[in-house]
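Report on the following structure.
Letters A, B and C mark the chains as written, and numbering starts fresh at 1 in each.
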Amino acid sequence: MVLELQRPRPIWQIMFSTHHTDIGLLYTIMSVAFLFMGGALALAIRVEMFAPGPQFIADSMTYNRIFTVHGTNMIFLFLLPFASAVGNYFVPIMVRYKDMAYPKLNAIAFWMIPPAAALIWLGFADFGWYAQPPYSMISAPSPAAEMWIFGLKILGVSSILGAINFIVTILKCKHPDLPLSKVPLLGWSFLSSSLIVLVAIPTFAAALLMLLTDRLGVTGFFNPALGGDPIAYSHLFWFTFHPEVYVLVIPAIGMMYEIIPRFSRKPIFSHSSGMFAFILLSIVSFASWAHHMFATGMSFTEKTVFMVGTLAAVPASAMHVFNFLATMWGGRAKYSAPMMWSVGGIALFFSAGAGGVVNTAMPLDFITHDSYWVVGHFHLFVFGTIAFGSFGFLYYMFPFITGRMYNELWGKVHFVLVLIGAVLVFFTQHILGLYGMPRRVFDYPPFPEWIAMNQIQAVGAVLLGVGMTIFLVNLIYSSAKGKEANMEDPFGLGGKYYYPYQAKNPHHD
Amino acid sequence: MKNIIGLFMVLSLLVILPTVEIVFAAGDEPEQYIDRRVEIWNLFFRMMTVAFVVGAVVSGTLIWLIWRFRESHPKATPTKYEGTSELDR
Amino acid sequence: MSGHSNWPEWVYIGVVVALLAWVGAEAWNIERIVEHVPENAEVIKVTGQQWFWTFEHADGTVEKGELHVKKGVPYKFEVTSKDVIHSFNIPDYLVLMDAVPGRINTVWFLPVDEGEYPIQCREYCGLIHYNMRGTLYVEGGA
């Protein structure tokens, strides 16, 4: 039996189901749909920025809305739900339990997302995904702003419900014969990220409520005219969202912990290092939030504290890189699509982290703050690391969900196009930032260097678009007409490998 | 391995010494003000040197691992875990 | 499962921590140097608002959208905003400081080379954020 049944079932049976594999499937389809919608917005941005002057977007308000929804969508409607998809499929199996701890709550957490997504997309707010006041309070138009606020409120609740489910499933529902230290690292990654969510998200929920009441004129939390401080919002926001970026990356690293050892045909170099690194990262992630605020007028001492907190998180990530490299050493690796994506993700993970270290060196923030360097930096993380790991894992899950194989050649073509495209776009953005180009700009003065680098990015973006289209076609076509997979060993790794989702596996009842 | 550590130590020393010099050299009198552009860009380029050296080591290692331990390499041998029933976790 | 006796991992972590300590120390030092405002720096009040910059010199002269300074004289900017958060940025001189309503942020610099340099806004502030620009004119020392 595969994760997903090969014989067709009525769609309403899947939609109303509370079983973890069905909910995993719903999360997968929804998140991938939003990936492509957000990607279309990104392509629009990069094509518009090809040259100075408007290309096809008529005014800056439309452009501002596009980058706001692009960012909001990608984080909350693609990355987070895709991680939930993987967690829903695998966490119960990895702890040898029959479902998640609270199946009905699981379904509710999922079904909260489409209405929230509708609010975000139909509202199409323009204040950037941070919603920074005072702009978001006094200047951003209604009803877009309120719809965004309500949409994110709902998503926050959904996240917390999901986190509770993962934590209880892993800690309380795991099989009595399975010690926590033997739970696979993918399971540990969900435990860590869920613990972060539980601690971090409520702060943002508070900030959203305060922003709403400020907009309504009832309060003045962030309004200097009423004695408030806009920087208070920044603290609340970043206290949530710096740890939140680790919530995004930790499951992707967990996914790589499934792929890289398996495709190298040997176990992970050090399971205990992986566990330790996840827990350490979860804790230290709370010590660095104000590095996003270095330009707001913080004192030297404050900035130093947060620089140290940021640097302290690097060794944990470095441990993961070491673990992956040491696992590959001495292996016999098959570079099917999942492996290519995971290994490519590791390479870009390093460059993303290195760029981050530059940002946190306090004086260098005067060069990089709110410039295209930052855009390149975070995209190397969310796209180069997390999306790469996610695509690799999606290819890996494919035979288990559908019973068929995707087209391997096109999977590799997808990888090559996207790797080249990502380098052209995101590495160039670092240099463009050094030349001083700000982010969130609809247009720019005709400096020759800025024009050249924007044009390189547009080419890269088109390559990304072509690669991702190939991916979409591969997924859809292969689901219907792909070759039937050998369910004993879909990837031809040989031998008897521990596929945790086979019915014959005694670990899953 | 030892050479790399030695290289790092030499590089570190080479960058710390000029910095210490600047610290004690800056003053408040006219014509002794520091130029923030120079200070900041210098730090940036020193960090870039280190980042690219480390990056070359990490990516070089990764590329070598991909090349040497691919299944189609002539010297590829099965790992001792192949044929067993479980990847020892 | 590997135990704790794998020395390569410990050496690796040692190198990583040493590098990060170096980064932190260097950054701390340069920041300390850069933030030290000279005693006799001339004050210029910078006010950002949607979507232009206003400058008030120490002698009371007000300039809008352009700023004239003298080469070799240190200037201290006191930056604030009248409405939303902006960010005062002279990229060629690495001057960058948020303009936040309700507070005054300080940043100083020394204009070293004569010429014209762009001034831009580095924090999203709405419709014309992309064109909230100005020009810095550095003129020969008097």
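A few notes on this one:
Everything that follows uses one rule, which is that contacts are C-beta pairs under 8 Å (C-beta built on N, C-alpha and C of every residue); 3 or more make two chains touch, one makes a residue touch a chain.
Remember, predicted model here, so these are calculated numbers, not experimental data.
Across A-C and A-B, it is A-C that has more C-beta pairs touching. Of all the chains shown, the one with its CA centroid nearest the global CA centroid is A.
Rounded to a whole number, the gap between the C-alpha centres of chain A and chain B is 27 angstrom. Once the centre of each chain is set as its mean CA position, chain A and chain C turn out to be 31 Å apart. For chain C, residues touching at least two other chains, in rising order: 1, 23, 26-27, 30, 34, 92, 94-95.
For chain B, residues touching at least two other chains, in rising order: 36, 39-41, 43, 47, 54, 88-89. Multi-chain contact residues of chain A (touching two or more other chains) are listed as 267, 271, 357, 361, 363-364, 366-367. Considering their complex, residues 36, 39-41, 43-44, 47-48, 51, 54-55, 58-59, 61-62, 65-66, 69-71, 76-89 of chain B touch chain A. Across the complex, chain B meets chain C through its residues 1, 5, 8, 12, 15-16, 19, 22-23, 26, 28, 30-31, 33-37, 39-41, 43, 46-47, 50, 54, 88-89.
Here chain A touches chain B in the complex through residues 182, 184, 261-262, 264-268, 271, 321, 325, 328-335, 343, 346-347, 350-351, 354, 357-358, 361, 363-364, 366-367, 494-498, going by the rule given at the top. If you check the complex, the residues on chain A that touch chain C are 60-61, 64, 126-128, 132-135, 138-140, 224-225, 228-231, 267, 269-273, 295-297, 300, 303-304, 307-308, 311, 314-315, 318-319, 322, 326, 357, 360-367, 369-371, 435-436, 438-445.
The part of chain C that touches chain B in the complex is made up of residues 1, 11, 15, 18-19, 22-23, 26-27, 29-30, 33-34, 36, 38-39, 72, 74, 92-95, 109-110, 112.
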